[in-house]
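Here is the structure we will look at.
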């Protein structure tokens, strides 16, 4: 395991880790709110990537990424407003199954709109090619993705912990009824939080489109790992999700370098051990 | 549910009628699949419908038993009944081991644990290509004859295999009915309704949850073995969480907490994937829409739909 | 407790499904010959399905949609690149459409499941793919493999590549982890022994999109050649990633079992630099059947055919000619007509080995041209070598007994 | 039973973070008696019940039941030792029928063994008889087949007591059985509790002083998590400390 390989593996781990963290933050917001995993999170990630590919034709890469965030956020708001909202008083399992049904619908919708064939998407010209970091050469676009997702994740963290809106969201997550009793329009907070969580997934998809290419079922590859991140990080804990995201990304990447067959299985072993040893997760309370 | 004698007799008669009619309505291969997945759906219903635990990892036991049966038949030419027993045992054993860990947690964590174990075994099966054939599945699985004493009944045609599967299903259905009609049935329901109170009246809730999970694992394993002999191959998909999702789907569409719900759910799901998929490749979209509608408006599934239908047609107050 | 009796509702279920069930049971007229093309319209090979469909349709149209005076009914099913879906759909087509001839599916793993069905249901089955098992360990009397044997193919690639680059002794392999990958890797290593090539390899699932980790590992090995033994979009992604990480074009890329034209269309000229491709079919082949097929295909789809359409066309054409030779469309008769048959077809001289049902034919090694050397937009590569030698020795072929009809 | 005390606690304590909900309570209940525990809201009565019944583990102190140390035993073990409790907030099986509610509680005390789970529920005649007897005793005969969630509040409180009796206990912990009941239903419930007095030892939490004073053999008074007085109804009525605790003003 020479230095170049180790360097490469860690860098790759950080890129994937940042993506998992971004997905984890979005999922954690929703999970904290509804106390169930959003099974449609993966397909919303995929829709973000496809919207980027279409929108970037007209508005360029940046415009495409913003469009991805917006479209998926609106979609998330519709899902919460149209379906999830009716189930708050019902057993949470039914909200989970609603999102599972939606993931089926949206995956097929992608195939109907964009076709079943995988699309490869080139990063914008000025970001193509690799840069020599001394230890190893590394694609410029991936470095950008790492930095951008890092900034996004930090922004989310600060928003939730430092701003008034963030406090309202955390109150809603802590105790819906109490927050409503205090006069917070809890319905609007839920819709916006759900939209923010899904929007982050859409943006994650858009940023990863040039790295991983697009396939209608690309969401299914990422969803299990996003669950691991959220559960390991601790339900509803954003810092936990960020830490767990990076941890899972690097572990998976290092395992790929050391013993590739065991890479994926090891991530789930990590989650299972995590739940048993420390149920509330690395930084969670509940 | 303690019910009157008359209702039970009618239902069993209808079930036997369905077994006879089904292969005339759909292809024998699909009819067999309906009863195979009915067993798996009944098993999940025991955990989810009766005991209140939503498991998203039943494919773990379905797949493990299918692979076990396949390997026994390919490498040691094991006879049919041995394979059925072995698959059921492996399903139950795996469920006992995994179940013991999963029941330590409740709610979201329980769901995630069952999902996590499912993914773990999926990736192990994916990578252990020498044993499971990896992505290509484990092909070349024979259908050993059914040896009843001296006479060995061959099962090579799809109709003969249907009769065999239907027979095994009936035995499994009767066994599940006995479990549900036994004190276990009402104890599991009391745990679903109110685990705290179930403990306060003297039940070790974790032990009974574990028992439900293990029993369900055995039934799911049995279904896995029957599935492995269907097409002569154990596809990797049989241990993927997609199958777990399908089984959850069947139980919900059919109607949870009721012995006949999962059968209706399995029939509806398999019929959709058979007839509609030829007409429209995007048939899973219909599944998604059906699930969303059930979750939002008809949480009792088909069973509730028919009950409402009958009430509407039978006019008000016709029944108690 | 509402004593709900369910007499009516189970009856309504049974009646309801009776109305809507699958198209009528096999009442196809005896005259009509039903041919099934089972192709991947979804899953990792979703982009190849339509191309295969074109190839088969082209051959049937060339025959005026009938053979021995009987109209041909060409139906397709989606294999979803999944063994379970393919077997269920194949069995359904046999039951409800009376299919006797099956061509496809494309993925070697799925083929191993389909060949089981064809054996059990005794239907004629033609497959084209990289796994050696169809004409090897899992051979049976009703199944044939159209593509060159991986033994021959890998020898053609390595022998001719080493002739031009004798110093390239360090090869790094990307192997898709399923039946196809295992076969081509086994014979790449076997063919490379003679030249003392040092191999290192990584296995990844078909459909992998994240190649960065593997490219970093390859770079650390300091290889002379990055040898791609993967398939579908994996080929495109790994070639691009090799360029992104600065590994290529300094290091040569050899895609030993490639599909050629369709991949070249997706890669821009810069990423085709120093790219070598071994393939079962290149439209540049100068044999009568190849030229005619390329004209027909280009006229219809204004692009030359790659390996996929040529394979579907070649298999269907050979099957139709075998039916005419046998004067019968019964699977057993087609099998006998094909066995030990030597003839001129796609891509040239073709011989069907009666003992293993392997179609022995030429295999191509191409080298991509630099963009300034290209005479026209589709002039992607030079044919470095075309050969059907060396044949796989019977001693190491695992098809010991082809079995009875 | 050492000195006639069916239940004895010593220094029983429970902290919730900084709050000491129960502070070193030493309680003794004599067999066959109806022993009430009274005290203002938040005085730790229900927490005391939860500590005794194993609902929550104590921070300190010991609990003996029939001379046996049951401190910290999980709640599902106690019914089998003869101690059963009912809850302040109705805690039944909503979707099961009244009959099934009581049946499942009655069945838990039987030692079925492995084979026991093979026979149908309808084949346990003695459990069926026991269940029907209890349903009659708590006055829900006319509602035997109704789902628990369809019962009125009063009927659910009766079912709550029924579930407790179904464990055929020797010591019954009743946590405000008359809570939230209309006067007429309170009358009924009080008569029911009195009818139990002879056959079971009862530890009762009750707010309505008129009922406590009329049916209790002994009364323990709690305030701020501590036992401040104990004695016969008359002794407690005269006790100045109790009056001050009830009439306000800190001790």
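Each chain gets a letter, A, B, C and D, in the order it is written, and its residues are counted from 1.
Quick note on the criterion: a residue touches a chain if its C-beta (ideal position, glycine included) is under 8 Å from a C-beta of that chain, and two chains touch if they have at least 3 such contacts.
Only a predicted model underlies this, so the values are computations on that prediction, with no experimental measurement involved.
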Which of B-C and A-B has more C-beta contact pairs: B-C
Centroid-based (C-alpha) most distant chain relative to chain B: D
Nearest-to-centre chain - CA centroid comparison: B
Separation of chain A from chain B, taking each centre as the mean of its C-alpha atoms, in whole Å: 32
Distance from chain C to chain B - Cα centre to Cα centre, in angstrom: 36
Centroid distance [mean C-alpha coordinates] between chain D and chain B, Å: 42
Centroid spacing, where centroids are CA-atom means, of chain A and chain D in whole angstrom: 50
Residue list for chain C, restricted to those that touch at least two other chains: 1, 41-42
Residues of chain B engaged with two or more neighbouring chains: 2, 126-127
Overlap residues in chain A, where contacts from two or more other chains coincide: 111, 261
Parts of chain A lying in touch with chain C, wherever the complex brings them together: 2, 4-5, 8-9, 12, 15-16, 111, 116-118, 120, 128-130, 132, 136-139, 141-142, 211-213, 215-216, 218, 221, 253, 256-257, 260-261
Contact footprint of chain D on chain B as seen in their complex: 2, 178-179, 181-187, 189-190, 193-194, 196-205
Chain B contact footprint on chain C (complex, rising order): 1-14, 17-18, 20-23, 41-42, 77-78, 82-84, 87-88, 91-92, 95-96, 108-110, 112-113, 116-117, 120, 138, 177-179, 182, 205-206
List of chain D residues in touch with chain B within their complex: 53, 55, 74-80, 84-85, 87, 91-97, 99-101, 103-105, 107-109, 112, 116-122, 124, 163, 166-167
Interface residues, chain C side, partner chain A - complex: 41-42, 44, 46-47, 202-204, 207, 209-210, 212-214, 216-217, 219-220, 232-233, 236-237, 240, 244-246, 266
